[in-house]
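Next come the structures, one after another.
The two complexes that follow have chain A in common; it is paired with chain B in the first and with chain C in the second.
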Partner chain A sequence: MITPHEIPIERLLASLQNDKAGASVLFVGSVRNVNKEKEVLWLEYEAFKPLADKMINKIKEEAKSKFNLIAAICVHRVGKLKIGETAVIVITLAMHRKEAYDANQFIIDKVKHEAPIWKKEYWKDGTYAWGHNCNCQLPHKDLQEYLLNHK
Partner chain B sequence: MLTGVVFCGGKSSRMGSDKGLLQKGNVTWAELAFQKLQCLGIKVIISVNETQQQTYGQIFSKNLLMVDKPTSVFNLDGPLNGLLSVHKQLPERDLFILACDMTDISIPLLFKLKDAFITNRLKYDYFTYVNQGDYEPMCAIYSSRKLHEIYKEALDHLLPAFSMKYILSNGQTLGIPIDKSETALFCNYNQK
Partner chain C sequence: MGIEITIQVFAVLKEYFEEKFEMKMPEKSSCRAILALLEKQQPKAKGLLGKCRVATEQEILDADYTFSSNVKIYIIPPSSGG
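And now, the complex of A and B:
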């Protein structure tokens, strides 16, 4: 889900307690102070919330089924974020660590590449740039197909 | 196929300078609009008039610049001349127009318009927002098939009115109402 608020990591982790789970993996994506050799001051995220929420849910469901997960959570922040703040978290619970790790990476990769979320980087030299959420800068390849198939 | 077009060709007589070269932070308005359209995953070009070509060539790669036809070709002036000039050079492309002076427009709003276009492109000629009862012609998508008709009418000097709003009012236009809270995002900074 998309939220403008600080992500309550501990509360989310606690909410997923499950006796069947032998493994819990937590990924935390934070704002770092350098990108492409330029000093970053802060970031601003924007999302098309109705579709981003829907896509994140779909990605989670896909991961649950593909990796036999017990539970999964993904939360992405929007708005202005300072260096060190948490921008995104993914938590995956599975019986075994391999599934929990693989599913976690699957979810964060797909959310970064496919969900309609954009980031604006403010650099120390006073310039800034809007771009895709993922640094690979590939266009949202699957998004157009998703829009056509999920109306 | 959709192509983004940043409109920089306005005369900016009220601003007294070229709007696309004004800066927000240390980034020109033209670059800001370009970045936002690029976030939609579409090819983006810059529409300029002849006098701007050299200056904008220092900011953007020359193959991204599309220069307006002389106003005498269509006997049109202003943005409609710019729109048809781009259409003439990219006749198969549907055009997503964004004026460089709409500096506050958000990417999600642009995305929502693209989304509406993808879903309804066979049903409508144009896609835009409706702001307090008026279309927003400078943040709108124009279909190539309808532009082709308008282009022919313009060449024959058959267009009864010369405004972008007239075009939108006389075609099948999908107008997306905007929330009151979003009105400020559509501000055109065309006055000092």
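And now, the complex of A and C:
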């Protein structure tokens, strides 16, 4: 699920309470302040929501079937995110920890590589780059110029 | 007689194209042909377009999928979520 709002992690965890679950795994992806030795100021995430929601649901259903999960949640934020904010969470519930761990990694890996979600990274040196297959490596432009053009 | 393709692009593609625009294409044009035409229009985006997928709101389309009538499509650059 794609959302422009802060992800309510505790509420989501509580919503998945299930007496059959012996293991719950929570993955939290946060905005860090450095990438490729450059200081990051903030990130902007963009998504094609109709398709991203559909693909995330499909990935969750695939994981539930493949790893015999009891439940799974994946929420990804869009918009401007500051350092330390949560960009994505994945929660998996299973009877045993191996399935919960493996399924969690399966979901986040697939969402990162397949779902139509994109990251734009703004650096302290005044440049920015769009993420590209998880590596920010595309055109740098002057940040001041960008900000002037997008007031 | 051709068909009208309405195109929306995302993320890094907006550095090279308007976010939304229209193109006239021959009937039975494929996703691959549409991407090739975009490459001709914007050669600087050639490497990037080679990694892009064409989609509707419901699904990613096969590169050989063809269009017989007016349609809105979305050009999906490589993902970088997470």
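Brief remarks follow.
The criterion applied here is as follows: the second predicted complex is superposed on the first by the 132 of 151 C-alpha atoms of A that agree within 3 Å, B and C clash if a C-alpha of one lies under 4 Å from a C-alpha of the other, contacts with A are read in each partner's own complex, and residues count from 1 in each chain.
Convention: a contact is a pair of C-beta atoms (placed from the backbone, for glycine too) under 8 Å apart; a residue touches a chain by one contact, two chains touch by 3 or more.
None of these values were measured; they are calculated from a predicted model.
When both complexes are overlaid on chain A, the residue A:I107 reaches neither chain B nor chain C.
Contact with both chain B and chain C is seen for A:A47 once the two complexes are overlaid on the shared chain. Of the two partner chains, neither chain B nor chain C is touched by A:A63. Shared-chain residue A:W118: touches chain B and chain C both.
Contact with neither chain B nor chain C is seen for A:I73 once the two complexes are overlaid on the shared chain. In the superposition on chain A, A:A87 contacts chain C only, with no contact to chain B.
Using the contact criterion defined above for the overlaid structures, shared-chain residue A:W130 touches chain B and also reaches chain C.
Between chain B and chain C, C contacts the larger number of chain A residues. When both complexes are aligned on chain A by C-alpha atoms, chain A residues 46-48, 51, 116, 118, 130-132, 139 touch chain B in the first and chain C in the second. Residues of chain B that touch chain A in their complex: 25-27, 32, 35-36, 38-39, 41-42, 106-108, 111-112, 115, 118-119.
Contacts from chain A toward chain C in the complex involve residues 29, 45-48, 50-51, 54, 76, 87-88, 108, 111-120, 130-136, 138-139.
Only residues 10-12, 15, 48, 51, 55-60, 74, 76-82 of chain C touch chain A when the two sit together in their complex. Interface of chain A with chain B (complex): residues 46-49, 51, 116, 118, 122, 125-132, 139-141, 143-144, 147-148, 151.
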